[in-house]
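Dropping the structure in here first, questions after.
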Amino acid sequence: MSVQMHIPGVSDLTDETKSPFPLNQWYVAALSKELTDQPVGRTLLSQAVVLFRDGDGRVHALEDRCCHRALPLSSGTLEDAGIRCGYHGMLYNGGGQCIDIPGQDIIPPRAKVKSYQVKEVDGFIWMWFGLDQDAEPLFEPPNYAVHSSGKYLYDGDVYHYEAPYQLIHDNLLDLSHLGYVHLRTIGGDAKTHMNADMRVTGEGECVRVVRHMRDSLPPPTYTAAYPFKDRIDRWQEIEFLPTHLKIWTGAVDANSEDLNDPERGGFHMRGFHGVTPETETTSHYFWTIATNPQSDPEATLQKVVEQTALTFEEDKVVIEDQYQNMLKFGHAPMISIHVDAGANRARRIIEKLRSTAG
Amino acid sequence: MSVQMHIPGVSDLTDETKSPFPLNQWYVAALSKELTDQPVGRTLLSQAVVLFRDGDGRVHALEDRCCHRALPLSSGTLEDAGIRCGYHGMLYNGGGQCIDIPGQDIIPPRAKVKSYQVKEVDGFIWMWFGLDQDAEPLFEPPNYAVHSSGKYLYDGDVYHYEAPYQLIHDNLLDLSHLGYVHLRTIGGDAKTHMNADMRVTGEGECVRVVRHMRDSLPPPTYTAAYPFKDRIDRWQEIEFLPTHLKIWTGAVDANSEDLNDPERGGFHMRGFHGVTPETETTSHYFWTIATNPQSDPEATLQKVVEQTALTFEEDKVVIEDQYQNMLKFGHAPMISIHVDAGANRARRIIEKLRSTAG
Amino acid sequence: MSVQMHIPGVSDLTDETKSPFPLNQWYVAALSKELTDQPVGRTLLSQAVVLFRDGDGRVHALEDRCCHRALPLSSGTLEDAGIRCGYHGMLYNGGGQCIDIPGQDIIPPRAKVKSYQVKEVDGFIWMWFGLDQDAEPLFEPPNYAVHSSGKYLYDGDVYHYEAPYQLIHDNLLDLSHLGYVHLRTIGGDAKTHMNADMRVTGEGECVRVVRHMRDSLPPPTYTAAYPFKDRIDRWQEIEFLPTHLKIWTGAVDANSEDLNDPERGGFHMRGFHGVTPETETTSHYFWTIATNPQSDPEATLQKVVEQTALTFEEDKVVIEDQYQNMLKFGHAPMISIHVDAGANRARRIIEKLRSTAG
């Protein structure tokens, strides 16, 4: 089976006429909670951007470069009307137009910087990257009811990866690695994970992987968060879309409920994973974890968040080591095994989106 | 207005047939106080040089490379007669000739390294960089009476910048940035700086910018150093020459004296700024600050030096950020505003000197 | 005299049709003591390798890359049967064949990684690098009786150098640098070293340098380790082979014994120096030092090892500075002096071995 993957410096299969990233997509640019009274400078899909809120709380994204002497606007300061450069004080509004040049009456019309389409939905700042950069977005950014429904407590963070985005997709679509990489938190017995019942489905740009591990021992994070009686029936439901993944995992007491029923009880962890390329070789990883604590909600949430952070730090080490080693070995072929079905399907989707964008 | 600037990796306008730096010039290579009983290794205009004093206190500059096995001579040791390599002990005199090979009687004539023209004047070590490297200097290095007159106390330091030299010229020639970058020290009200009376003149390779800010509030460094009654009349006189700048700033009580009179009283700060390219993308910044303390001279000098160092560290952050951002954005054009008149004039002088050098 | 040397980025003489390293050679890959219950990942001659012991204590070397998703096997775990990848648990035996894919019954035959020829002899792990990588080694790796004879106590370590391997050869073949670089330990009076009686001989791929320093003052390491009466007669016997050097140094009381007699008494230090290229520009340096303590053997050994480590750290600084300076100055020629005879002979041997390998 031939599976293409865009790994700069590595893949034979890279077609330079294609975009390195799927375009005509909304990508996560920030978590809502990151944008307070300071601007945030961040490179997204190889473009240096400053993100900030104006006096009304509206979020804007501009090219991160003053048009006068090229200072990053992200080292400037926020005002109600926009963002002021920290070198000679030029002020820009949310549309990128300069609206004040201190000591000078006339503002030349070309005193402006590029602005980007951003929308804030359910705790995320989404940013549109179009094939045609001047065109309007073709559709709306996604809602995320897990954050807005009130049924869950959640928190999250942003991690930076020295690795291309598709290696993070691979990692999230194949949870069989939990038994080897995440023994301390959500892992548990390795064979249980490798031998899970797995079903891979999907349509369009979506891939779904469902894995059931029945009658297994609860891992450390689970026992710490929920009063299981003994062995558990555990599920992992992964939904991949080109710019983000949602992973709904959890467990009930063994043989107590139907694992396929979305209304099942027990312990739930609902993860959101925004995977946004920083450059072709580095990535931003925006994650939140939501859970349904039975008692002492804040303490339980905090514990779940801590363990999730620990888990993702373990993944980060593995993925960055993997990329360094891929660079070292260049074009050496990879063989696929049974657990790769979902990841390989996602790679084909990304490959197709890169072509249509080219 | 088209203004050329040699920014490696950035400018469209770079003509590779030109020298990256003005030649036939004296550049500051070191402060006198740096050369004690240890040699100093330093790259100047892309040439690795060792600077040292011999037993008579005379300063010499040699190629920083033993002709035997290429060790930097700057990791060797000083003797009365010259500098001895730290690997196998070859001794070189100030002219670069090897005068001792331990254990070997005959010294081959080709056992020598290149030497440079250096002169020590008023606390600076100047080094000649000629278009023809073997020719004698065409003129003498400049005096600096501020150091030798006995009217001022002074001290200084050397900073290293990860940015090309012309960005430091820009910064020093346009002091309107004080209100945004240096609030904590010599800044003060931003609008005062942006609205200063400014006059730009010059002849030959010299640019002069004079700025007056009348009836303004004294900034923190000024009030700490001098007993102003209330508001002040403040001057800034900048003199640019291709390898260094002199900046005479100060203030008198508002409406008490003629700001154009060089004999004016009040509080004075006289800065010397030697901007010497290390490479095309990095720079040495040699500075001294002289002042005329009214009381407790040593303590006042120390305070002024500390605040000046703090100010230059703020500039360093801005200039290095600027250069990184210029590299990120490549050939994006810059627009000029009213405060850039002096800096733009200096750029044209440097551009012309690079051509005649080619 | 023209002496060739393969210094990447420096030498005019580099012939790219040659191998950068002598091939058909055994190189030291590790000290025996390094391989315990953890695998060791190491790049040797530009190849990333994992070294480990199986349950029987036998040493194996494999390509450091899981054939599934390219993780370094060296971040995996050891089992009796081999090494298990830390991502999805694939297990490899010492021959590089995958023998377990968790959760999958069939193991495809192409699920394997490259294996290397390794042999453990007298405390070293030797690895064969052939001109034809699939051919058997042409000869056996060397014994090292100094470790196995029981006459000496020894210990050692591995250092990493940011410099090409031939600069380490140079350093070890020319001990005249002791008086300038190693004053604190094995140096002593510089002139004594530079004026030593020196004889350079050799045959085939071997160079021998013998140096005698009669009636000299003992250096710090010697007086600390042995009860010399006063002045000493000191010898240094260096034997160079393409992948390693042996250096037998020591001293007897002045005029008490024949320095050319291998059965001479006094204080002995016998050094082994495995110089294995990591890449063309970086090196591994495996060293052991053996000595013959007169009293309190463990404490004396410890002192000798500490001083040797200190000495090699001094060499590391010099050699890395030298390489950086060679890169800075590019093709500038080097002149040779009397002490270079042995090093120049070794360079010609390496040059010849690189050609026959091409």
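Chains here go by letter, A, B and C, matching the order in which they are written, and residues are numbered from 1 within each.
Here is the rule we use: a contact is a pair of C-beta atoms (placed from the backbone, for glycine too) under 8 Å apart; a residue touches a chain by one contact, two chains touch by 3 or more.
A quick note: this is a predicted structure, and the numbers were derived from the prediction, not measured.
*Asks:* Could you check if the interface between copies subunit A and subunit B is built from the same residues on both sides, meaning over half shared, or from different ones?
*Replies:* Under half of the interface numbering overlaps between copies: different.
*Asks:* Nearest 5 degrees is plenty: how much rotation brings the CA atoms of subunit A onto those of subunit C?
*Replies:* So the copies are related by a turn of 120 degrees.
*Asks:* What is the distance, in whole Å, between the centres of subunit A and subunit B, each centre taken as the mean of its C-alpha atoms?
*Replies:* Centre separation, subunit A to subunit B: 47 Å.
*Asks:* Residues of subunit C that contact two or more other chains, please.
*Replies:* none
*Asks:* Spell out the part of subunit A that touches subunit B in their complex, as residue ranges.
*Replies:* Contacts found on subunit A: 43, 48, 63-65, 67-72, 75, 85-90, 101-104, 108, 110-111.
*Asks:* For subunit A, which residues are in contact with subunit C within the complex?
*Replies:* Residues in contact with subunit C: 170, 174, 176-177, 179-181, 190-191, 193-196, 318, 321-322, 325-326, 328-329, 332, 334-339.
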